[in-house]
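The structure under discussion appears below in the form of structure tokens.
Just so it is clear, A, B, C, D and E label the chains in written order, and each chain counts residues from 1 on its own.
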Amino acid sequence: MPVLTRSQRETLTDVWLTGPATLALLIFIFLPITIVTILSFSDYQFGAGDLSWVGWENYITLFTSAIGQRAIVNTLIYVAIVIPFSVVFALLVAIGLHRMLDWAPALSRILRTVYFLPVAATLVAMAVAWQMLLHPNLGLVNKVLSSLGGAPQNWLSDRGLVLYTLAAIGVWQSVGYNMVLFLAGLSAIPNDLYEAAEVDGAGGTWARFWTVTWPMLGPTTLFVLVVTATNAFRVFETVATLTRGGPAFASETLVYALYREGFVYFKAGYASAITVIFFAILLTLTLAQMRLVERRVHYR
Amino acid sequence: QTELRVHYAIPTIWAETQDALAEAFMKEHPEVRIVLDGPAEGYPEGVQRLVRESVAGTAPDVAYVGLNRWRILEDRDLIQPLDDFLGENPEAQGYTPALLSLGHYQDTQYALATSASTLVMYVNPDLVEQAGGSMEDFPTTFDGVIELAADIDALGDGIDGVWIDRHDWRFQSLLGSYGGLPMNADETDITFDDEAGIAAATLYQRFAEEAGMPSYTDSDARQAFPAGTLGIMFESSSLQTRFEQGAGDNFEVTVRPLPIAAEDPSNVWFPTGGSAIVMLTEDPEKQQAAWDYISFVTGPEGQRIIVENTGYAPANAQVLEDRTYLGSYYDKNENARIAHTQVAQYAGPWYSFPGPEGVAVTDMIAAAMVDITEGADPEARVKELAQTLRMQLGME
Amino acid sequence: MNAIPTLELGDVTRRFGEQTVLDSISLAIPPGSFTSLLGASGCGKSTTLRIMAGLDRPTAGAVRLEGREVSALTAHERNIAMVFQSYALYPHLTVAQNIALPLTMKSLSALGRLPLLGTLIPGTAAARKEIQAKVSAAAEMLGLSHLLDRKPGTLSGGQKQRVALGRALVRDPVLFLLDEPLSNLDARLRVQMRAELVALHRRTGKPFVYVTHDQAEAMAMSDQVIVMIEGRIAQAGTPRELYERPASLAVAEFVGAHAINLITPQQGAGEMHSSAARAILGVRPEHVVPAPHGSFTAKLRSVEYLGSEIVLSLRTDQGVELKSIAPGTFEPPLPGDNVRLSFDPTCTHLFHPETGARIGGASECRS
Amino acid sequence: MSTLLLLAGATLILLPFIWMLSLSLKPQDEIFASTITLLPSRLEWGNYVKAFTETNIPLFLWNGFVVVAGILFFQLLFSIPCAFALAQRNFRLRTVVFGLVLAALLVPFHVTAIPIFLGLAAVNLLDSYAALILPFIPTAFGIFLFRQFFAQMSTELFDAARVDGLSETAVVWRIAFPLALPAATAFAIFSVTAHWNDLFWPLIATTSPEIATPPRGILYFRDQESGDDVGPLMAGAVIITAPLVLAFLFAQRKFMQGLAAGGLKG
Amino acid sequence: MNAIPTLELGDVTRRFGEQTVLDSISLAIPPGSFTSLLGASGCGKSTTLRIMAGLDRPTAGAVRLEGREVSALTAHERNIAMVFQSYALYPHLTVAQNIALPLTMKSLSALGRLPLLGTLIPGTAAARKEIQAKVSAAAEMLGLSHLLDRKPGTLSGGQKQRVALGRALVRDPVLFLLDEPLSNLDARLRVQMRAELVALHRRTGKPFVYVTHDQAEAMAMSDQVIVMIEGRIAQAGTPRELYERPASLAVAEFVGAHAINLITPQQGAGEMHSSAARAILGVRPEHVVPAPHGSFTAKLRSVEYLGSEIVLSLRTDQGVELKSIAPGTFEPPLPGDNVRLSFDPTCTHLFHPETGARIGGASECRS
């Protein structure tokens, strides 16, 4: 007879299966988060020998300083643009490509790769290409715009515009990612539902979409929303490579702010406070999103 | 054999230079082995890395850092004073007081400049001529520059007259041209809200309003100038090589010194960009080897290598005075000569602001310049800026 | 009654690439009839149904609905209701909404269907009320009234099936198509649903076309059974015709609760039946009965007790394997014993050894 | 109509890539030109030559491969058993562990970078492959994706394996893992593209050029101080993007299946 | 033969939270027997089987394998083979690998199982050869030899089923558990596989426990049928015992091809049967037969023709609904006509109106 009881052995198995991953999560994610949270109540300067506790001061600064508020508002605006546009475009593209699979599978697959390219691209180089395309004077975008009779714009140096430019690039980056997820969702919709809709009189393009496609994509959409939201909230790389938060903090976002405060200014304490706020916003929104949508999406 | 780990940034400029320096040095000092760390992308990233590595205990022994960045390391007691090594008479080795001032803080020498650059004007002679000006009597005052720029701007579609970045270093340069200073000597007060500072800031607005300066980002401008659509560009002398390559045969990139606006030219100074070298190692034995290396790269031979490879201005008087080192180089590089003369004449420290907010406030200066370019009242805005800085830096 | 069939297929052929899935199918669905399409998996039943519904189009041939050629009409213009094998319920809609969908699509404009705005369009409220009433009536009839607010995900198989039926019923279509609607149910529920379907058919008076691969289902429910084999119609007729006069060996093998006994001429079963020497002889197990004075004997190999009946597996001395069905009350001998058997002579079938076509046998099997 | 729109959209998406390709083939003096030309007047392979000679791109690609493969290997090694247990086994802390996973899904890496840096320094692992690989081993996204995938697989299959004499570990690796291959392909694409292109962490954790990853490698041509060396930068970008695009083309079928079968059905 | 049952459950109870799924189940599987677990969906059959296999653990009670208490052993330590309803074939392995897997796990070390390295470990080659041989033998026996290199995805239902069986057979286990292995097959294939299973059972000589909700299957195959109702054992016995002497109303309703006719005392069917006044009378449809001199009459409502038999739905004047089964050759009157019927008096059952327990009726139903 084995030394351990069956329950004990089962527990050991569970530990053996989940332990390593859980431990890794704790060490590489939750331990750092804890440290960061603690530091957010201090004035710690990275590299400095000492620190003192300052209570909520960092938080107060964040919420009262113009730049801090700007970062929060900018992030929210950015997210509010990127989520709907990238999700809707991705959905349209996915539906188009899915249909194309029937009569031009090769083209459909090529286009799928094209739309996916931005996900695979190296931003260091893409940023340079974007800068050249968006050049106020020499860039293709403005040249096309003015040849169509529009007024050229300072895409990256106009304070009123820069955030929207970044958001557009954000959409460019995430359409492919979302499209792939939607395509997968589309291919999982059983064909007989479309046929039932057809027999029931919902045969038109829109009727089909609203009766079958959209509701059946519910879980996919939820997943896409969560992934897009978390990625949009974390916007950092485009800001860092294209505008460095400028001009005059017009494109400052939360993660860029925490990067700048922590890494460029070495204000680790303050950066930690930004982190905590960022995390709190993200957690709240994601939970709310899941709560609100989850029930409408899993048809039980 | 002693091993020295050396950190540097900006591989585009420095990679080959560093190899050449290390090779030349090791030939002279076979007992020392130089190991180069992988370079950092830029000076800010470089100093970030040094701070992190110091915290982690993996810092290199010697590092090249941005001239305005070594104070961050000093603030954290990460770098060693060099006074004992320099000896009694540094000037004899080519370290003039002006050059030493770049690495001097509170009576201690922490860093030595290895390469220098100041703000200059890059000019597109073709556009100047089209606008009816000439390179022979190129304006030497800001008024003249603005007038010429306005003429160039008027050439029409897609042609811009002048551009200057809205940035701390550029502002300090204009300020220096007017003879103003950002802070008082003991760093207890902001002083750029005087006449000189307001005049310097007003230039931004005048460029924009009178000469139609576009609101480019720096990369926009760096693309526009070599493309031949920008007449006059205020930029660091270190961009010379890239601009010449970019313009190719289209036009001849020409460098002109910054206008002097102060009534008393002896007050004029230009903040110096470029890099300094600092010693991080605390091991006495290594320190000696490190000093040997530092004195080699800041000495005439090292400086020759640096100037010839990077286009930076030298930071040792001996190379400038003694034509045997760089004479033939300057004969071929008129633009470099102009830029380096300006450095020799007016080199001054690139002020970094004291305390934990020191770096952060430079972004506020830049933001204020954006406001002013876009129409804010210069005087009011500069005063407000000064006041904000005093608060941030804990000067009140 | 009307002489024009509700639906007619005329020489319908359907090819997918190289493969001919339907090969010149002609059939007619009379008004008010209950027709089963019976066939093995892959024989083309669903394809036929889809062509009737307008979900698929024939490569060649005509589809006539109430005498009118309808090849040009799409599915939703034909007013045909279809129940899918997998039910194809919309998981995001409640039972009531599922049932109401076809009506909503028909009687409300696109605007009127919008959740809030819709109420503002004139006539919408009245139309909605009418739909409501029809849905309630259908639900009542199907015993779904208490489930109207549930989502399909929470229903059992039988309930789902009734919702799918409800969605078809509520429309008042000219024809109902049902694609193996019972195949997902367990045995007992299947029998029960069968009866409900028949009752439903009687109540609506509309023709039903019912696809199944279960011969028992087809036999029990239909006026007309169409047996399909590999894309062709092997036989069409009443259940009794199929059972008593199968047109071919294949049909005979397909129809009947227990597999038919087949005796080839080579097996030299001449002693069992006089015709067995030149043709394949088919006798259903229920017509091979133990009889003290039977015409031949066979050795009992195994016995399956099914309660109401007992299945005997036997082998004759010539090596012919036979099954015989005795009533449940029959006391079987021990396996290994010899049993004396006789054929019911009025219930034998003869098929051509090569073509499998029926070449003789009893014309009517009544004892 | 919709095809035209799709093609137009694809062109928009492609624009920067076309630019990248065109720049990588342009000589210096055409890169900054006042007129827009898509095709260079002469093909300038010099940018590629420069990209190869001035930096050690083959080495960067190799490093990228080692790091990306290492990360993926350990991510799978850790997340698959955990995801399997979360989906197919009942244990007391299951909700807690799953909660941790969901929360971790939301943490951006920037937040944890500095503490991890210090931790790695303390155990002397900085500036090594380990430093590039270790922090990415815990992948909440991976655990989440695989859990969704396993959750919708029939328990019977795993029970069958248990009855057949497989231990739980064997069930995970001999049955669950091969079945999860499509999902793993999907996950691999996301993981590989993210870490191949990651610049943030390699810049923090490594200094030696010997272990530079591709983006860190082409950073060599990026320069604030004296201006980017655009031609070679773009050439380098083309070289390091190409393997990913090829990988996507190869993997896309498995990948789509994986997502379709996997977590997306809720 | 051995007197110790191969497997025994002693008062096994299983709760999931509040819900008691198994309530004090005791049963014994004798060596070499074929036992069916029969019950409606959700009654706890699978749970019982999983407890036997060690996949689940009882909340209370003992599991004895060959007399030894095995609660502490996990599934993979018990050497019990199990065939699952969905076959649970490993889709990524070939048929041969599927069948070989249990052997590989048993006879090769972890190292030896590695694809290339494995060949270097001493003894591996020999072990592999042996496995190969066993797999070939099992495949031969099941007629799978030509399919060994195929993946399960390309097999038909019946073939899959045989692979699943092969995987169980090859191991030489002490006991076979089969959880509704035939429920995914179509009717005809089901009957055929049934026979194959019985043959297999005979060949291996090992006890089989067979879960089903199809009473016909249970009756046809088993030595012992255990009827489970809502987590309890309602009756255990031979098929004939169950059919002829159902222990309760519930069992009587469950067993038999057609639902039993039940007549409650309130329906005042005294005229049909003398005992019907104090108890619930149960008569199977096959024992209600049209007879010219039958004891009562009923009105014919509908007729289902099944080929070998005909199901008549009738209603007496008192409103009692009855089914009767006549042979397929019977010529039924028209619906609406009256039919004279009689009960087979030796085949009636009486149940207590409240408890449902059997309180009388025929002890043996032989005519």
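Everything below uses one rule, namely that contacts are C-beta pairs under 8 Å (C-beta built on N, C-alpha and C of every residue); 3 or more make two chains touch, one makes a residue touch a chain.
A quick note: this is a predicted structure, and the numbers were derived from the prediction, not measured.
J.: Return the chains shared as contacts by chain C and chain D, ordered by label.
T.: Touches both chain C and chain D: A, E.
J.: State the pair of chains with the top count of C-beta pairs in contact.
T.: A-D
J.: Select the chain at the greatest separation from chain C, using centres from the mean of Cα atoms.
T.: Following the centroid criterion, the farthest chain would be B.
J.: In whole angstrom, what separates the CA-based centres of chain C and chain E?
T.: About 26 Å separates the centre of chain C from that of chain E.
J.: Measure off the straight-line distance from the CA centroid of chain A to the CA centroid of chain D, and report it in whole Å.
T.: 16
J.: If you average the Cα atoms of chain B and of chain D to get two centres, how far apart are those centres in Å?
T.: The computed centroid separation for chain B versus chain D comes out at 38 Å.
J.: List the centre-to-centre spacing of chain D and chain E in whole Å, with centres computed as mean CA coordinates.
T.: 52
J.: Do you know which chain B residues sit against two or more other chains?
T.: Answer for chain B, listing residues that touch two or more other chains: 52, 55, 158, 219, 223, 227, 229.
J.: Mind pulling the chain E residues that touch 2 or more other chains?
T.: Touching at least two other chains: 74.
J.: By the touch rule stated above, which residues of chain D touch at least two different other chains?
T.: 33-34, 114, 219, 222, 228
J.: Any two chains that touch count here, so list every such pair.
T.: Those chain pairs which touch are A-B, A-C, A-D, A-E, B-D, C-E, D-E.
J.: Considering the complex alone, what residue numbers of chain A touch chain D?
T.: Going by the criterion above, the answer is residues 10-11, 13-14, 16-18, 20-22, 24-33, 35-36, 46, 89, 93, 96-97, 99-100, 109, 111-126, 128-130, 132-133, 138, 140, 143, 172, 175-176, 180-181, 183-185, 187-188, 218-220, 222-223, 226, 230, 233-234, 236-237, 255, 258-259, 262, 268, 275, 278-279, 282-283, 286, 297-298.
J.: Okay, in this complex, where on chain C does chain E touch?
T.: The touching residues are 41, 186-188, 191, 198, 213-216, 219-221, 239-240, 243, 255-259, 284-286, 302, 304-309, 311, 325, 327-329, 331, 347, 365-367.
J.: Which bits of chain C are touching chain A when the two form their complex?
T.: 50, 53, 55, 74-76, 80-82, 84-86, 88, 90-93, 101-102, 105-106, 110, 151-154, 167, 171
J.: Flag every residue of chain B that touches chain A in the complex, lowest number first.
T.: Listed in rising order, the residues of chain B that touch chain A are 44, 48, 51-52, 54-55, 72, 75-78, 158, 160, 166, 214-217, 219-220, 223-224, 227, 229, 356-357, 359-360, 363, 366-368, 370-371, 374.
J.: Residues of chain A touching chain C in their complex?
T.: Residues of chain A touching chain C: 190, 192-193, 195-196, 198-203, 206-207, 211-212, 215-216, 218, 296, 299-300.
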